[in-house]
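Shared between the two complexes below is subunit A, which pairs with subunit B and subunit C, respectively.
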Partner chain A sequence: MHTSTLSELARALEAGETTSEALTRETLERIRAHDGRYNSFITVAEERALEQARAADQARTEGRAGPLTGIPFAHKDIFCTEDLLTTCGSRMLENFAPPYNSTVAQKLDDAGAVCVGKANMDEFAMGSSNETSYFGPVTNPWGDGLVPGGSSGGSAAAVAARLVPAATATDTGGSIRQPAALCGLTGLKPTYGRISRYGIIAFASSLDQAGTLTRDARDAALMLNTMAGFDPKDSTSLDREVPDYCASLDNDLSGLRIGLPKEYFSDELSPEMAEQVRNAVREYENLGATVKEISLPHSHLAVAAYYVIAPAEASANLSRFDGVRYGHRCENPQDLNDLYLRSRSEGFGEEVKRRILVGTYALSAGFFDAYYLKAQKVRRLIQQDFTDAFNEVDLIMGPTSPSPAFAQGDKTDDPINMYLEDVFTIASNLAGLPAMSIPGGMVNNLPVGLQIIGNYFDEARMLNAAHRFQQVTDWHQQVAPNGV
Partner chain B sequence: MQWETVIGLEVHVQLATQSKIFSGASTAFGAEPNAQASAVDLAMPGMLPVLNEGAVRMAVQFGLAVNANIAHRSVFDRKNYFYADLPKGYQISQMYHPIVGKGEVSVNLSDGSERTIGIEHAHLEEDAGKSLHEDFQGQSGIDLNRAGTPLLEIVSEPDMRSAEEAAAYLRKIHAIVTYLGISDGDMSQGSMRCDCNVSVRPKGQTEFGTRSEIKNVNSFRFVEKAINTEVERQIELIEDGGEVQQETRLYDADRDETRSMRTKEFANDYRYFPDPDLLPVEIDDTYINAIRDGLPELPDAKQARFVTEYGLNADEAAPLVQSQALADYFEQVARGSGDARQAANWIMGELARLMNQNEVEIQDCPVNAGDLATLILRVQDGTISGKLAKQVFEALWNGEGSPDDIIEQQGLKQVSDSGEIEALVDQVLADNQAMVDDYLSEEVAKKQKKKFNALVGQVMKASQGKANPAQVNDILQQKLTSSD
Partner chain C sequence: MSISRDKIEQVAWLARIRLEDSEKEALEGKLSDILGMVDQLQASDTDGITPMAHPLDATQRLRPDEVTETNKRERFQAVAPETQDGLYLVPRVVE
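Up next, the complex of A and B:
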């Protein structure tokens, strides 16, 4: 069953061809057998998962089953799950089991989905290769020694390896889409505010957005149907009706206007990557869409603005990890200062410390205007670029990442080069726009992501476009050679 | 040299909302430590603030009461610093766009003059928790019950020129917030706290001297004392050739001195930036006008009404409107007795004396307004003399019963029976022949009147104060005239 998509599993459960308990047992066995190779899980919740599976089967016999009831899946370890370790990939939270569920976890629980474990990730979601995790790097099923992308690398590897049909993830600057691209998956980051951030450990609050990593667009639509919606516990979630994202998947694409930003096809992108993306876009023309070149003139400022705003917010968001109430506490603190200093020095890894320092600097007296306020101005210019573009086109397409999966260790000594992994994905976070990555080609036998950026709350149109593409292509069905 | 004092106050008022400003936890005082701290107050990972609308409403009420501009858009910022009782590592406050803009209040001074004090702005913020240093050997306890309690910080212009003005301003703020019912104003429990910015300058100089800030002064009396002490210290320092340091100082009431807490070099860089977890607070004129329509009568308006409605002069009315409870009490007594001036005299005389002596507030005063009104009526209708009324009042204070019961039980009823009084007069005349002769032989009218009054006094004494003085006068006059 492990080769099935989420929708196929849902059908099999509905038809009584299998049970959630059987699926869950198989999933747990496969994780035990194979995850040593990927390290995609930090915590596997065997007992809890089997309990949920039995409850799901019971619900089904009582006629209370929905599309996700009984489906095994993984949570990125950034989503708080009640009484289940939630580490955020950090030593700081190595032993932290929250007494509450994130809204996303609660909604998936309520839908009867079965959480088999918590997926590995870059520490506090800071990284683009899943090499900053305290719990070790994740290996991409597309090749030993290759990174799966980050920060949702564990979620991506687990789905690519067919350990689970779907995983939750978060995207602050590309953390869903870039791993989706590098692992040959469908990754969806909805509009900022579409999914509640309550109970998701914050990295950069104005940019963080939860989403999904799945095999195809239909599965993403199924997940989004459950995860989306207004939450009174998150002031930045939006009170807007949630459509049935599955209902419009098959809509005709004729007349769809697609824009290709010329800035996304510049020197950062190799000719082979560019060719794959252009080929994918050609499929859309075959499906009846019109394609034109557009300009997002401030694109080149996105990475710089992001690496001011995200660390600035993170520097404050991570202040709560102080060794006082929960999380890592140093041995024998001499006084309060010592407690802070050593708990945080020991609890946080290098990349997290780097960003706290950068963010603290950017907010400091004398630098605030030059960095933080300037970055906010750039952010508004980038938003305006998109607003102008969406007057002309319905969807924007381009590459997700500058290159396919790269080797572990390649960029760890060069943070700037690592940050450029997100050069194409960051702008939509700054603008708060929905964006996704779908498999759109191959370079050197490695998957290439096609990025689709939509207008605010236009997830249905994006999923529709992704689904129609997946009906006429098979990039999304390519199986990672190490995936079994 | 002649010195001028310049004072500005920052008053923190705890708002009387049922729940905290960003969480649903109760704000009630006196619970077991940490019993009223929710996951949000504890800054657990992934927790998000949700603004309590009640706090916004109260801030707007205050703004309207001091004729301030109400910001249609205000923004919460993060004020970053580490302390054990500040769980998030930042306090949510309003640095750049406060909800209440410039306003003013007028205060009455003891010399009968009136001064207008400007309010620079007022902003909403959350309170921190408490560090408990007793009962923990070599460690500190942290109580987060207070963390997240809504505060309105009211920042005055540097408009005050004496400690008396500062105290009068503070009393006025206290009166306004308690009239509005937006705070209990209890300084002893920290519901109202005051930081005093104090500087001195040679009289006539326009630029300000260097100021020090005296933190957390917690009573009206201490505000006056702390400022006077600090002014003396600064003048002495300058006259001895020294310089005032910009620093934070603490007032020690036991020693009546201020002490340095930290100097400017050690001041925190709070790295304020807009809190991305909260949306800007947008309020429109409809909202503001609805609040304006619901405002109660405020101290200034009440004082003016007491002058027109009850015929008091402004000096009599001013102390009566210091608190809503006292003003209500006065109105009950004035209406019940039909004699507003007597009501005012009793309240500001005997009642104020006993309240001061016993350190009781009007809310806990053992003499209810109805009884005081009855007492005034009994003087009016001649049941008791004005002098004995004070005795009845003390008995009322001591809870010995109703006015009529006390008069009855203690036999204080005024003797108005002319036969009885005549007998008393005859007795006194017979016993004091010398005084009578003295009176009759006196030729200077003024001196004669004095001697007559001495005889009245003898009769009153013989009646144990109960004889009706008017009748005593009349009968004595008759007797002395007829004996000519």
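Up next, the complex of A and C:
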């Protein structure tokens, strides 16, 4: 069953060909047997998952089953799950079992989905290679010694290895799309405010958005149907109707207008990568779309603006970890400052400390206007670029990442080089736009991601475009050589 | 731009992060690189541009002032490192 997509498993459950308990046992067995190779899970929730599975089977016999009832999946370890360890990849939260559920966890619980465990991730979602996790790096099933991307690297590796059919994830600057690209998956980051942030451990609150890593667009649509929606507990949640994202998957693409930003095909992108992306876009022309070059003239400022805004917000969000109410506390604190200083220094890893320091600096007296306020103005310019572009086109396409999966250790000593992994993905977070990555080609036998950026709340059109592409190509069906 | 050792120490104190001397040395280079990259922003023309706080310019919602949460002190304190009699324990602050 592990080669099946989420949709196929849902059909098998519905037809009575299998049970959730059987699927869940098989999933847990495969994780136990094979995850040593990937390290994609921080916590495996065996007992809890089997209980959920039996409840799902019961619900089905009582006629209360929905499309996700009984489906095993993984949560990125950033989503608070009641009484189930939620570490955020950090020593700081090594022993933290939340007293409440995130809204996403609650919705998936209510839908009868079965959480088999919590996926590894970069510490506090800060990283693009899943090498900053306190619980060790994650290995990409496409090759030993290769990174899966980050920060949702565990979620991506678990799906790419066929341990689970789907995983939740979060994207602050590319943390869903870049791992999707490097692991050959479909990654969806919806519009800012589309999915509740309540109970997701905050990194940069004005950029964070939850989404999915799946094998194909249909599975992403199924997950989004359950995860999306207004939540009064999230102060930036937006109250818009949630359409049935599956209903429009097969729509005809004739007349779809696609824009290719010339800035995304610059020197940062190798000729081989560019060729794969252009080939993928050609498929859209065959499907009836028109393609034109567009310009997003402030693109070159996106990474700089992001590395002010994200660390600034992170430094404020992470000030809550004080060794008093939850999280790591140092031994024998001498006084209150000693408690703060040592608990935080022991609890946070190197990259997290670095970003807290950058953010604290940017927000400190005398620097606020020059850094944070300036970056928020540039952010407006970047958004305006997109608004102008969407007057002319329906979707924007380009590469997701500058290169395919790279070797572990390659970029760990060079933060700037690592930050440039997200050079094509950051702008849509700054603008709050929905964006996806789907498998669009191969370079050196490694997957290449095609990025699709949509207008606000246009997830249905993006999923439609992704699905139609996946009906005429088989990049998304390529199997990682080290998969199970 | 580069950042001095003194400034790093000051910012680390503000953030309540303790740094070893070896960490400070590595940070001088890396933080200077990051701030240098970020300085690209200064060259952009943002005269008359309103800073962006929310992508869809949403404002903070108001809700009726009603009690909606129940008391969960025991649940919340179960995850605290040290508590006593329903209170969080910290080192003595007032002598």
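Everything below uses one rule, namely that the second predicted complex is superposed on the first by the 484 of 484 C-alpha atoms of A that agree within 3 Å, B and C clash if a C-alpha of one lies under 4 Å from a C-alpha of the other, contacts with A are read in each partner's own complex, and residues count from 1 in each chain.
The rule is simple: contacts are C-beta pairs under 8 Å (C-beta built on N, C-alpha and C of every residue); 3 or more make two chains touch, one makes a residue touch a chain.
What you see is a predicted model, and the numbers here were worked out from it, not measured in a lab.
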Touching A:F96, do we find subunit B (first), subunit C (second), both, or neither?
-> both
Which superposed partner A:V378 touches (first subunit B, second subunit C, both, neither) | second
Return first, second, both or neither, reflecting whether A:S364 touches subunit B, subunit C, both chains, or no partner chain.
-> both
Which superposed partner A:V308 touches (first subunit B, second subunit C, both, neither) = second
What is the contact status of A:L336 with respect to subunit B (first) and subunit C (second): first, second, both, or neither?
-> both
Partner chain in contact with A:A202 - subunit B first, subunit C second, else both or neither = first
Would you mind checking which one, subunit B or subunit C, touches more residues on subunit A?
-> C
Does subunit B (first) or subunit C (second) touch A:S235, or do both, or does neither?
-> both
Determine, under the contact definition given at the top, whether A:H300 touches first (subunit B), second (subunit C), both, or neither.
-> second
Pick one for A:R325: touches subunit B only (first), subunit C only (second), both, or neither.
-> both
Show which residues of subunit A both subunit B and subunit C reach, each in its own complex.
-> 96, 98-100, 206, 232, 235-236, 315, 319, 322, 324-326, 336, 340, 360, 364
Mind pulling up the subunit C residues that touch subunit A in the complex?
-> 3, 7-8, 11-12, 14-19, 23, 27, 30-31, 33-35, 37-42, 44, 46, 49-56, 58, 60-61, 63, 72, 75-76, 78-82, 88, 90-93
Residue positions on subunit A within touch of subunit B in the complex are 80, 86, 88, 93, 96, 98-100, 102, 197-202, 204-206, 232-236, 312-313, 315-316, 319-322, 324-326, 336, 340, 360, 363-365, 368, 372
In their complex, what parts of subunit B are in touch with subunit A?
-> 39, 42-51, 78, 80, 82-84, 87-90, 140, 142, 269, 271-273, 275-279
Residue numbers on subunit A that touch subunit C, as the complex places them | 96-100, 191-193, 206, 232, 235-236, 238, 298, 300-301, 303-305, 307-308, 315, 319, 322-329, 333-342, 344-345, 348, 350, 353-354, 356-358, 360-362, 364, 370-371, 373-381, 383, 415-416, 419, 431-433, 456
